[in-house]
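For reference, the structure I am asking about is given below.
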Amino acid sequence: MLMALLNDDRLFPVDGRVRDLARDIYAGIKDLPIISPHGHTDPRWFALNENFPDPARLFVTPDHYVFRMYCSQGVDLATLGVPRADGGETEQDPRKIWSVFAEHFYLLRGTPSNMWLTHAFQEVFGLDIPFGPQTATEYYDHIDACLKSDDFRPRALFERFNIEAISTTEMALDDLKYHRMIADGDWNGTVISAYRPDDVVDPDFAGFTDNVLKLGELTREDTASWTGYLNAHRARRAYFKQVGRVTSSDHGHPSARTENLDPAQASELFQTVLSGKGTADERDAFRGQMLTEMAKMSIDDGLTMQIHAGAHRNHSGPVAQMFGRDKGFDIPSQTEFVNNLKPLLQAVGMEKDLRVILFMLDETTQSRELAPLAGVYPALRLGPPWWFFDSYEGMKRFRENVTETAGFYNTVGFNDDTRAFCSIPARHDVARRVDAGYLAELVATGRLGASEAHEVAHDLTYRLVKEAYKL
Amino acid sequence: MLMALLNDDRLFPVDGRVRDLARDIYAGIKDLPIISPHGHTDPRWFALNENFPDPARLFVTPDHYVFRMYCSQGVDLATLGVPRADGGETEQDPRKIWSVFAEHFYLLRGTPSNMWLTHAFQEVFGLDIPFGPQTATEYYDHIDACLKSDDFRPRALFERFNIEAISTTEMALDDLKYHRMIADGDWNGTVISAYRPDDVVDPDFAGFTDNVLKLGELTREDTASWTGYLNAHRARRAYFKQVGRVTSSDHGHPSARTENLDPAQASELFQTVLSGKGTADERDAFRGQMLTEMAKMSIDDGLTMQIHAGAHRNHSGPVAQMFGRDKGFDIPSQTEFVNNLKPLLQAVGMEKDLRVILFMLDETTQSRELAPLAGVYPALRLGPPWWFFDSYEGMKRFRENVTETAGFYNTVGFNDDTRAFCSIPARHDVARRVDAGYLAELVATGRLGASEAHEVAHDLTYRLVKEAYKL
Amino acid sequence: MLMALLNDDRLFPVDGRVRDLARDIYAGIKDLPIISPHGHTDPRWFALNENFPDPARLFVTPDHYVFRMYCSQGVDLATLGVPRADGGETEQDPRKIWSVFAEHFYLLRGTPSNMWLTHAFQEVFGLDIPFGPQTATEYYDHIDACLKSDDFRPRALFERFNIEAISTTEMALDDLKYHRMIADGDWNGTVISAYRPDDVVDPDFAGFTDNVLKLGELTREDTASWTGYLNAHRARRAYFKQVGRVTSSDHGHPSARTENLDPAQASELFQTVLSGKGTADERDAFRGQMLTEMAKMSIDDGLTMQIHAGAHRNHSGPVAQMFGRDKGFDIPSQTEFVNNLKPLLQAVGMEKDLRVILFMLDETTQSRELAPLAGVYPALRLGPPWWFFDSYEGMKRFRENVTETAGFYNTVGFNDDTRAFCSIPARHDVARRVDAGYLAELVATGRLGASEAHEVAHDLTYRLVKEAYKL
């Protein structure tokens, strides 16, 4: 097979001398195992190891990166088979979905999705002709046949992708059934969970008050009291550690606001939001208080804490009504960290053994706020560029914006953050290439020694991830 | 003649291999006709086809890009012949103005104005020696002689510039006299208008209340009532479509705020601002309401809607008093789109046939807010980098910031946005070169196929402009 | 000696043709004298000309760029010998400090500190082996021996560094003792001061009210009255001009807020803040009023005015308690200039002989706000990228962000802004290299003529600094 879809030197600097340096650095890291410490794959896949259903349901229907772009150019989400939340009709025929996917595939030109998909087509499925309307059927048939074979079941792909460890993400009330199955089974792939308590921490989460009650039932704590509620979190974190083998918690908040109220104030605020009577500001303050509480629990139980701040979720009301959450209408917004994180940092920022990883969707905070903060507070680390910035330009800007102030060692390697299983090798490969190219530029411009570059490349790809996430 | 002022490879990537790719892509688009769907040329030029008066009044006096820079270094605007609003004296002798222009021309080093002027000197006037104090007289004499000839009248230049269509911009109360003359005459150049209703939509616009009354007289609607006022807009839009052949409206607001009030609230707000008693917030809310109203009218009459948000106009009070509006003291300011546009987008964002084009002066919104919004809402498109960002670096950053998230097809090609007629070919040439260079980089780094790059280049230069503006 | 630590072509563009252009431009400016118009060296060094104590106290203990990074990775500041404000213990043995410094030196990879230190090791101390744990003792012994010799006393280094003029910074109450000693002595190095009145202008400064009283005693003015307070400033500025030979004032404010109140309002505000009863907003307004007052005084006495806005100082309360101010916990924050500077600019922005230099820590303001403001107001100039942006990427982004809109001539060359004496040649060298590389890119892409580039390089390195600071 010719393997003609991908350029071997893709994403490397164009200058011959620097490209050679980049190739050399990349050669040293390209085959390192994948550590995926923050993602959204479905643990059911690895627990049951069933075949994936069909090409459309693998590549199109669940991938909001893809269908949001089609939507932006007038393709109806129902045409792409996106499930309806309102009970309305949506396309069920995978071949029809695939045909629409192929017809408008050119819309993805210049986007990371294009590169990830092409990588999967070539590297996972061995295809070597360009994808488009002319080749749609050939692609469908080939991928569909692959998916029916044992070699393309989840565990086989996991091993072929050279994944050393992967983390999924579960809400606090999740029973971790599939993680238990994996742990109890005889497969030795490392699939762990992360503790994501938005369902019991965010008063704006649907069913918040009921969820807090359920948390009490699960943990046998009185979650109607502030003390009991905190104890329930401690118990649930312990359960997640034991059953889900979690090493991290994850917190997706609209802002980076933190609070550090005294227990009486915190208790009062808890009662207010639990009663459903809290104002928007009180609900926000409560989320902020809980970040500091979680950081304090992390000091005790060692979980690495991840903060994903700054998304305006489900921006279109009509689309949310029709199709539900997470349909590509989550829009980043301006984020402030210096004042917002101050209460948490006053409380725990100087803790040497605590790890708080900050993710950002507002790139302007990288050089202005986050690199200076991470460049001085022992507890802080910077997460990799996330979401829309999980891309060539996004990663390049991240390194250029933060390295001079935060160095390399206050960063934590790459996260793929994805539901799209077949894109995992592609995403990690992009990150490795961009880092190799960036380091090659540093060497070529006299900012780093060549042997240092190799060591840093290894650190960024492997060591820093494992250390930050205690894997 | 040697044509030595301009480098044939200007603005292309410096690496030899990538430069060759850029040259090749550029070769395919450099001679495409100019579509100028948003500008500020004077329709009178094309209606009357009179000779331009002299070099100073062509290149210096009306160009706020030029005279603001001179002002910043202590050159008095009156010395450059900028007209006075307060009746004071200003230089009248074009040769004296030209001499000051030449003496300080070095101040424009590194700016787009330098490149546009040099392009016009060489390509429009055939000059091939550098401009400066030593050559000022030779330049003046040569350009002045050209301007007296028929070959340099507006229509001749229009044709020589290979302009397929150009749009001017007129306020709602404008009678479109010159557009009528052009339409009624025997010249077949396409010069159309755009509907810019700031004079009757913005309560802070001088004479707003009177203007609304005049709008009523012109349209025979009762603009003292909310319903009549909206009907008057519909009628005026129809008039602009018929007489000015407009395909778009244009809205220059200090912020991107939109509102979608119910009719009773909107009517009350209208009465408040019409009475002159509205607070700053109410005036702002009214502008925001009118954006949504205009978007709804666009669904009916098909006009493409342009939103130019984020300028702090006439920043210096003393200068505005002495010289009037638009004297280079308009300063961009921080702009927010995610929350501000939400009311409009909830109402009409999912309309597939509506086109709302967003322009930005705050680059930080490109990757954070605008590309994600345009990358999902069918009604939205992103305008080209505008004003200070109509430049090499500005365009490059725009493509790097938005393509990965919004792709190419949610952008609308180039706008020259200029009063400076002779700069039009230069500006379009810069845009074509930057796009060619950007696409060449994508090809060289394995992010786009070479044949795709040619197709995209054509789309960006020609097809997307025509489609977005229905030209 | 091999001089192997530094790459001769460091920081130049990698493309061979552009690198040659950069080398050529750099060759024309590399040996120009250093003008250091804004810094924080200790005038005592030059007055007394004593030997520097030891390597650790030269390179580690006073350099917050270095120790903040070590702190971020869990190295205790006390281990590095950082003095305690709370009387607690801190490491006193310079060899132990040096050993920790060497052990974790890899943390500075990719940062400007790494480049500055390496430059000093090679160029100031003649070392040619990489610094690290293995070579720590050799380094210490060699540097320590140097420091004991006369060739490494402050005045000898000043001359060897080819410093034509350097400015230190003193608070308004400083007696300028060392500047008097320098002026009265027989050494003819030019070491001047800058008037930094934060201690008597900022109501949040520790001891503000007492300081204002002391200012009255020093100047024999009644600083309990607004008029007397302003007169005292005038007198103190005159004193600084006479004794400290100052040519500039410097103002470090949390925001860029300015006010231009009428005298009665200003007097009332002064009484409020002097009484200690002012609200946070009133204290901020007072700082803003004083910027405008200082600008007006500058019109009279000719001092160039510098505004350093946008730092959140001493972010960690616990660290400030233990170690005091300025320990690397100053974090930049979002800054707004367009509205904040308007009162000052309305009052004095059009003054052709006034120089107000704006520094920024929020890069997003460069292209959006500052270049447009400096590109039109005669009084404004843009300071060089400051602090965390005194770096390769920071400088490159600055030129790319501002040149197209503000040109070169509204910038003022380089400031080193440093306490670290041995880093001064390194920092100026970095700036010269980055400018040479940037200009070479402009030439290579047809945006500037080669001979113009040489002239601009000289202007940026030497002429514009001297003019802006009247040196």
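Chains: A, B and C, in written order; residue numbering restarts at 1 for each.
Here, a contact is a pair of C-beta atoms (placed from the backbone, for glycine too) under 8 Å apart; a residue touches a chain by one contact, two chains touch by 3 or more.
Predicted model only: the values in this text are computed from it and were never measured.
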Point to revise | Equivalent interface positions on subunit A and subunit B, same or different at half | key: different
Review point. Considering subunit B as a copy of subunit C, what rotation angle in degrees (nearest 5) results from a C-alpha superposition of the former onto the latter?
Key: 120
Revision key, fill the gap. The distance between the C-alpha centres of subunit A and subunit B, rounded to whole Å, is 40
Revision key, fill the gap. Listed in rising order, subunit C residues that touch 2 or more other chains are 15, 364
Exercise for review: Under the touch definition given earlier, write down the residues of subunit B that touch subunit A in their complex.
Suggested key: 13, 15, 17-18, 336, 338-339, 342, 345-346, 349-350, 352, 364, 367-369, 371-378, 380, 400-401, 403-410, 441-442, 444-449, 452, 456
Study note, to complete from the structure: Listed in rising order, the residues of subunit B that touch subunit C in the complex are 6-7, 9-12, 14-15, 68-69, 71-74, 106-112, 114-115, 130, 312, 315-319, 328-334, 361-364, 388-389, 391-394
